[in-house]
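For reference, the structure discussed in these notes is given below.
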Amino acid sequence: MKKIDAVIRPEKLEPVREALAEIGIMGMTVSAVSGRGRQMGITLQWRAGEYKVDLLPKVKLEVVVIDEDVSRAVHTIRNKARTGERGDGKIFVIPVEDAIRISNGDNGDDAI
Amino acid sequence: MKKIDAVIRPEKLEPVREALAEIGIMGMTVSAVSGRGRQMGITLQWRAGEYKVDLLPKVKLEVVVIDEDVSRAVHTIRNKARTGERGDGKIFVIPVEDAIRISNGDNGDDAI
Amino acid sequence: MKKIDAVIRPEKLEPVREALAEIGIMGMTVSAVSGRGRQMGITLQWRAGEYKVDLLPKVKLEVVVIDEDVSRAVHTIRNKARTGERGDGKIFVIPVEDAIRISNGDNGDDAI
Amino acid sequence: MINAGDTVWILISTALVMLMTPGLALFYGGMVRQKNILSTLMMSFAMLGVIGVLWAVYGYSLSFGGDLGNFIGDLKFLGLMGVGEEPSGLYATSVPHLAFMAFQGMFAIITVALWTGGVVERMKFSAFLLFAVLWFTLVYCPVAHWVWGNGGWLADLGALDFAGGTVVHINAGMTALALAFLLKPRKGFREGMPMEPGNIPLVMLGAGILWFGWFGFNAGSSLAADGLAANAFVATNLSAAAGAATWMILGWIYRRPSALGVATGAIAGLVGITPAAGFVHPMAAIPIGIGASVIGYYCILWRTKKGIDESLDVWAVHGMGGVWGALATGIFATATVGGVDGLLWGGGMQFLKQIVGVVSVGAFAFAATWVLGKLVDRVVGLRVESHEEEVGLDISQHGERAYGGVLP
Amino acid sequence: MINAGDTVWILISTALVMLMTPGLALFYGGMVRQKNILSTLMMSFAMLGVIGVLWAVYGYSLSFGGDLGNFIGDLKFLGLMGVGEEPSGLYATSVPHLAFMAFQGMFAIITVALWTGGVVERMKFSAFLLFAVLWFTLVYCPVAHWVWGNGGWLADLGALDFAGGTVVHINAGMTALALAFLLKPRKGFREGMPMEPGNIPLVMLGAGILWFGWFGFNAGSSLAADGLAANAFVATNLSAAAGAATWMILGWIYRRPSALGVATGAIAGLVGITPAAGFVHPMAAIPIGIGASVIGYYCILWRTKKGIDESLDVWAVHGMGGVWGALATGIFATATVGGVDGLLWGGGMQFLKQIVGVVSVGAFAFAATWVLGKLVDRVVGLRVESHEEEVGLDISQHGERAYGGVLP
Amino acid sequence: MINAGDTVWILISTALVMLMTPGLALFYGGMVRQKNILSTLMMSFAMLGVIGVLWAVYGYSLSFGGDLGNFIGDLKFLGLMGVGEEPSGLYATSVPHLAFMAFQGMFAIITVALWTGGVVERMKFSAFLLFAVLWFTLVYCPVAHWVWGNGGWLADLGALDFAGGTVVHINAGMTALALAFLLKPRKGFREGMPMEPGNIPLVMLGAGILWFGWFGFNAGSSLAADGLAANAFVATNLSAAAGAATWMILGWIYRRPSALGVATGAIAGLVGITPAAGFVHPMAAIPIGIGASVIGYYCILWRTKKGIDESLDVWAVHGMGGVWGALATGIFATATVGGVDGLLWGGGMQFLKQIVGVVSVGAFAFAATWVLGKLVDRVVGLRVESHEEEVGLDISQHGERAYGGVLP
C-alpha cells in the first residue's frame, strides 16, 4: 500500500475527484492547505497599494491505494490537475505499512 | 516509530482523544479534513430542492508512537471511533524514521 | 527523499518560512492543525468563569527534501521554531518513495 | 387624535424591536458550537414567522382584548377585527391602533426567542415549535394581559413594568430554566467537554444590534415622542453602559476583561433597566446596570458549579436580571419621572407590589413550562437522538451547514 | 407645508431603504461560494456609489421630472435643480422635496443591486458596471416614470403599485432572468457540481436587515406618518411572517425545515406585499405572503429542473413574487384602505389594469435587458475567463480574498 | 417647547449614532488579522460602556456646561443635574434636554473608538483604557466645547463644523497618528510581513452600518426634522456615494477595483461631508466626496511608503479627510443653505476661520496625545509583550478566541 499525497490547485479538486471515481478509486481524504514553491506568491489589494502573500491556497489529497494502483492513480491526478503553469503542484508517494477499516476491522489491502 | 493516520467522524474525536490519554498517549495532531469513501455523500437543502455533497467532514488524527505502542493505539482508536456504520473511517500506519522535539532537541523514541 | 512533518507554534511560521527560503528550501505545504502534547491546554474565558481547551492551534509544515537536505532543514526549523518552552512542537521524518511535479512531469529528486 | 410625531416613534420603535430578534439570533448563534449555529438562528427566525402570524390572528386579542377575569383577554380583536388606523381609545391614544398592535407583537416574538437560549444544541425542532406555540398562547398572552392589559390583575394592583421586565425577561428566564431541567444537559457538558463559542464576532454584532433595538423597546414604551421617551432612552443607554463596564471589570478581577463579558454585561444592564426606564431618574440607571451585571455574573458562576446546563444563561441574565430590575423599579422609582415613588422616596408599598409581580410571573412561567414541557415530551419527545446531537443540529434538524464548501 | 413628523418618517425610511442594499449584499454574499463572496458584495456596494451619484445627477429627473410622452421624465431636475428644502408640490407635499428625492433614490439603487443575484460568480465586473449604468438609465428610470411619475402611462391608467412590486421586483426579476440566459450557467452547474452557500449566518443576517429595512420601503411609501403607514407596516410584517412560515413548512414536507428556506420565504412574503401594502387590509397579507412563498418555491424547483442558472433566484422570488403581488393587489385591494376595490370587492377592471402593469413592465425589462446585454457583451464581454471563474471572482476581479491569513 | 417630530428625529438619530460604534468595531475588526479581531472589537465596545457612563457623569458638563475661559465647560451639569425632560434653552430648543445630551454623548463615544484604528494589534488593553479616559476628559471634552459649546472660542470665532469634522475626525485622526508614532509599528510591519485582513465581509457590513448611522450623525445634527435635515441627509449620501465610486476607480487605475477600497471610499466621503452637510448645496457633496477619497488614497500610499504603521488609516481617512471637509466647508458653504458663504461665494474670511479650526484642533490633539501617551507609557506601558503580540491580543489580553472549536 502507498499513500499518495497530492498538492493541487483548489479549482482542480473537482475534476480530479471525478476522474479518480471513474477509475474506481473512491477513498480519499482532502484538506485545505497553503503552499509555497516555484510559483510566485500572489499580490493582493490593500485600501491603497498592495501587498504580497507568499503562501497560496492549495488542496491536499491523500489517497491510499494498493501497490498496483499507484501509477494509475498518479497518472490520473497528474492529467486532471495539470494546467502546465507553475503552481500546478506535486505528488508524493509514501509507504504505508498497514490499513484498518474502523467499521468492520478489515485490514491490509482489504481495508482500502 | 510509526505515524498512525486515523480519519474518523468529527463527533468521535472527543471519546478517542480521552481514551488515548487514558492509555498514556498524549501527543497527537488533529486536523479538519473532508473525505470520500464507501459512505454515500450527504444530501443538503437548498432553498427549494436539495443537492448532494460528496466530501464529508472528517477529522484526521496523526499520532506518532513508538513501535510497541502501535497496536494499542490502533485498538483504542478503533474501539472508540466505531459505530459500525459506513463512514467510520480508516486507520493507516506509516513508518517514521526520526522524531525531534523542538524545545529540547530530544530525538528518536525519546521525542515521542 | 524525505518528508519532514513539523508541528510548530503558529506565530513561528513566519520566521521558519523565511529561514527555509534563505537556505534555498522553497517548497513547502502548510496547514492549520490542533495539537496536544506535554503542553497544558489553554484556559479561556466564558462569560463568567473559564474553561479549558485541550487542543491548541498549531501549524503543520510539510517539506519534502532530498536526502542530503534533511538535516539542514531539520536544523533550520528547530532553530527558528524554538522558544524553549513546552509546546514548541515536534519534527518527524518520513520516507518518501517518489515525487512528481504535476506541471511538467519531472519526477524523483528533480521534482523537489 | 393621531399625532404624526408619536406615530413615527411607535412605527420606528416597532421596527427596532423587530430587528432585535435577528440580533438575538446572532447573539445566541455565535455562542454555540459551529455545528449548531443554524439551528440556533432558526429558533429565533422561525418565531418571527410563526408568532408573527399568530399574534395578529389571536395573540393580540388574548393579551389586549377585553378582560376575562383579570386573567386573560377575550377574542374581540380576533383576526384584527376592530384594530384599524384609528387610535385604540384605551392604549396609545395618539397613534393608530394597528401601530400599537404591531409594537406589542414584536415583544411577544422576542420573548419566545429569548428562552431558546436555554434549549440550544439539543432540542428537537418539531418539539420546539409545538412548545413555542403552546407557550405563547398559554403563558405569554396571559402574562402580558396581567401586566399591561386593561383589567389585568397586576396592572390593577399597580405593579410597575415599563417595558417588560416581568412580561419579557422574568418570563423568558424562568421558562429557560425549567426547559433546561427538562431537557437535561448537553452531551459532555457534565464531563467538562468544552462548548466553545463558534463565532464571537457575531455575538458582538448581535449585542450591538440588541443595544440599538432596545432604544425602541424601552423608549418606545413611552408610546409618545416626549420627555418621558427621552428619559427612558437615556436610562437605557446608561444602564447598558454601566452593565458592560461592570462585567468587564468583574472578568478582569478574576482573570481577563473579555469581549463576551462586555457583550453580556451590556445585555444584563439593558434587562435591568427595562421595567424601570420610565419610572426612575436616568442616573439611577447606573446602580441598576451595575447590579444587573453583578447578579448575572454570580448567577452564571453558581449555575455552572451546580452543573445546570441552562446553556446561554437566559435565567441568569434575563431571569435574575429581570427580577433585579423589577425590584429596583420599586426602589428607585420617583414620582417626578413616572408618577410613582419607590422605596428610596418612601414608597414601600410599591416595593411590595413589585415583589408580587416578580413572584407570580416567575412561578407561573416556571410551573406552566414544566407542565407544557412534559406534555410535549410525551407527544413528540423534547430532545434529539444522541447521534443527531453529536453530528450537530444544523445537519440533523435542518439539513444544512453554516459554512459550506470543503475549501476556502 | 412641511410636517416634522412626516419628514422624520421619510428621512428614517430613506435610511432604512439605504441599509437594505448592504443587507442584500450579505444576503447574496453568504449564498455564493466563499471564493466569490467579495465580488458579490461589491456588486451591491458599487451601486450605492455609482447609482447614488447618477440618481442625483439625472436619474431623479428622468423618473420624476416633467413628462415626455408618458414614457419618461424630462431634464428639469437635472443636477437637483429646483429640488430643495421646500416640498415638491406634486409628490409628498408635506416633506422637503430633497427628502422625497433621496427616498426614491434608494429604490433605484436596490433595484439594480437586486438583479445582481442572477449574475453572480461569473459576470465580469467591468461589464457589470457598464450594463448597470445603461440599465439604470434606460430601464429603471422609464419604468419608475411609467408607474410613479406624474404623467406616466401606467399611473394614468391606474395600475396600482404601492411600493414597487412592478418597478422594483418584476423589473429586477425579469432582468436577472434575461441576464442568466445571456451569461449561461456557471461552470459545473449543469454537471451538478455543488454550489454550496459559503456563509449562511450572513444570509440570515442579511434577511433580518432586509426585513427591518422593508418597513421603510413599504410603510415609508405612505409618504406620511399616518394610519396608512401603520396599515402598510402591519401588512408588511404579516406577509413576511406568513411567507417565512410557509416556506419552512414546504421545506419540511419535502425534507427539512431549513434556515435558508425561512430566510427566502420571508423575502418572498415581503416582495408579495410590496405593491399591496397600502391598498389591502392587513389580514390580506397572510394569503399574499403564503402565495408568494408557494410560487417562489415551485418556481425555483422548476428553473433548477430546467437547468437555468438564475443563480440566486431573483426571477423566482422577486420576479414571480412581484407578479403575484401585483395581481394580488388587484384581487385584495379594498376601497376602505387605499380607495380602490379589487376583484374580491367587485373591482374587476382594477385586476385587468394590474395585468397590464405586470405584462408591460416584465416584457420591457426582459427585452431591454436582452438588447443591452448583447451590446455590452459585444463591447467588453459579459463573462470572466474560464480560469478566472475557477479561481474565483474575488481574486480575479478584485484582487482580494475574504478571509485572509493562512492560519486562524 | 418640545416638538414631537423633532424629538423623534433626535432620539432616532442618537440610536443611529450609537449603532455606528458597533459598526466601526466590525469595520476595524474585519481588517485586522484573525488573532486580533476580538481585541479590536473590544476597544470599541469598551468605550460604549466606559465613555457612556463618564459622559453622563461629567463629560457632558465639561463640553456643554457653562463656559470657563472659552476653553472648557464647568460642572453645572455634573451627574445630569438640571438636565431633564425640558429643552435646554441653549441647545436644541425643541427637544428634551436629555435627548440632546444623549445625542452628543454618542459622538464622544465614537470619537474615542475611531482612533483605536491606529493602535490595534499591539496596544495593551489596560494602557488603552487608561489613555482613553484621560484623552476623553482632557482632549475630547475641551475640543467639543471649543467648537460647539456655548462660549467655546472656535464657536465664537465662527469656525463652522456642522457635525464634527474637527471635533470628531481631525481630532481622532491626529490622535491616531501620534499614538502610532508612540507605539511603533507592529512586529513584521517594516519587514513586509503581510497583515492580511481576516474578514472582509465584516468590514463591508461595518461600512454599511456606518453609512446608515451617519444619516443620524449628520442629518441629526440639524437638531430638527426640517429642510436643513433633508439637505444634510442628501449631501451625506451623495458624498459617500461619490467617495465610494472615486476610490473604486483609483484602485482600478492602479490595479483592481477592490471591496475594501469601496468601503474605505464611502467612509472617506462621509468624513469629508461631515462638517459641511448643513452648510453646502447637496451637489457640492460630489466634489467634496471625490476630494476626500483622493486625499485619503494618496495619504495611505504616502504613510505606507514612509513605514508609518498607523494601522487602519485613521489619520489618512479621518484626519486628512476631516481637514479637507473643514476647508471644503469654507469653500463651498452657501448662505442659502446654512446662512454663511464660503470662498466660492466670496466668503474668504470664512475660509480663514476654517483654517484656524483645523490647525488648532489638529495641533492640540497631536500634542496632548503625545504628552498623555508618554505618561501612560511610563505608568503601565503602552505595548504588549513581544510574545503576546505574536500569539495575538485576543488570547493574550482577553483570554478568548474568535472562532472556537478545532473542527467545523
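Which chain is which? They are A, B, C, D, E and F, in the order written, and residues in each are numbered from 1.
Following the convention adopted for this analysis, a residue touches a chain if its C-beta (ideal position, glycine included) is under 8 Å from a C-beta of that chain, and two chains touch if they have at least 3 such contacts.
All figures in this text were calculated on a predicted structure; none of them were measured in a lab.
Taking shared numbers over all numbers used, the chain D to chain F interface scores under half, which places it in the different class. When the C-beta contacts at A-E and at A-C are tallied, the pair with the greater total is A-C. The distance from the centre of chain C to the centre of chain E, with each centre set as the mean of the Cα atoms, comes to 50 Å. The distance from the centre of chain A to the centre of chain F, with each centre set as the mean of the Cα atoms, comes to 49 Å. Among the residues of chain B, those in touch with two or more other chains are 10, 30-32, 34, 43-45, 50, 53-55, 83, 94-95. In chain E, the residues that reach two or more other chains under the touch definition are 3-6, 8, 12, 194, 196, 199, 205, 255-256, 258, 260, 398-401, 403-404, 406-408. The touching residues of chain E, counted against chain D in their complex, run 3-6, 8-9, 12, 16, 33-35, 194, 196-201, 204-205, 207-209, 211-212, 215-216, 219, 224-231, 233-234, 237-238, 240-245, 248, 255-260, 262-263, 265-266, 281-283, 286, 401, 403. The touching residues of chain A, when paired with chain C in their complex, are 2, 5-8, 31-38, 54-55, 58, 60, 74, 77-78, 81-95.
Across the complex, chain C is touched by residues 1, 3, 17, 26-31, 62, 64, 94-105, 111 of chain B.
Residues 2-8, 11-12, 14-15, 18-19, 21-23, 25-26, 29, 37-39, 41-42, 45-46, 48-53, 56, 79-80, 84-86, 95-96, 98-99, 101-102, 105, 125, 199, 202, 205, 397-405, 407-408 of chain E are the ones touching chain F in the complex. Of all residues in chain C, those touching chain D in their complex are 43-54.
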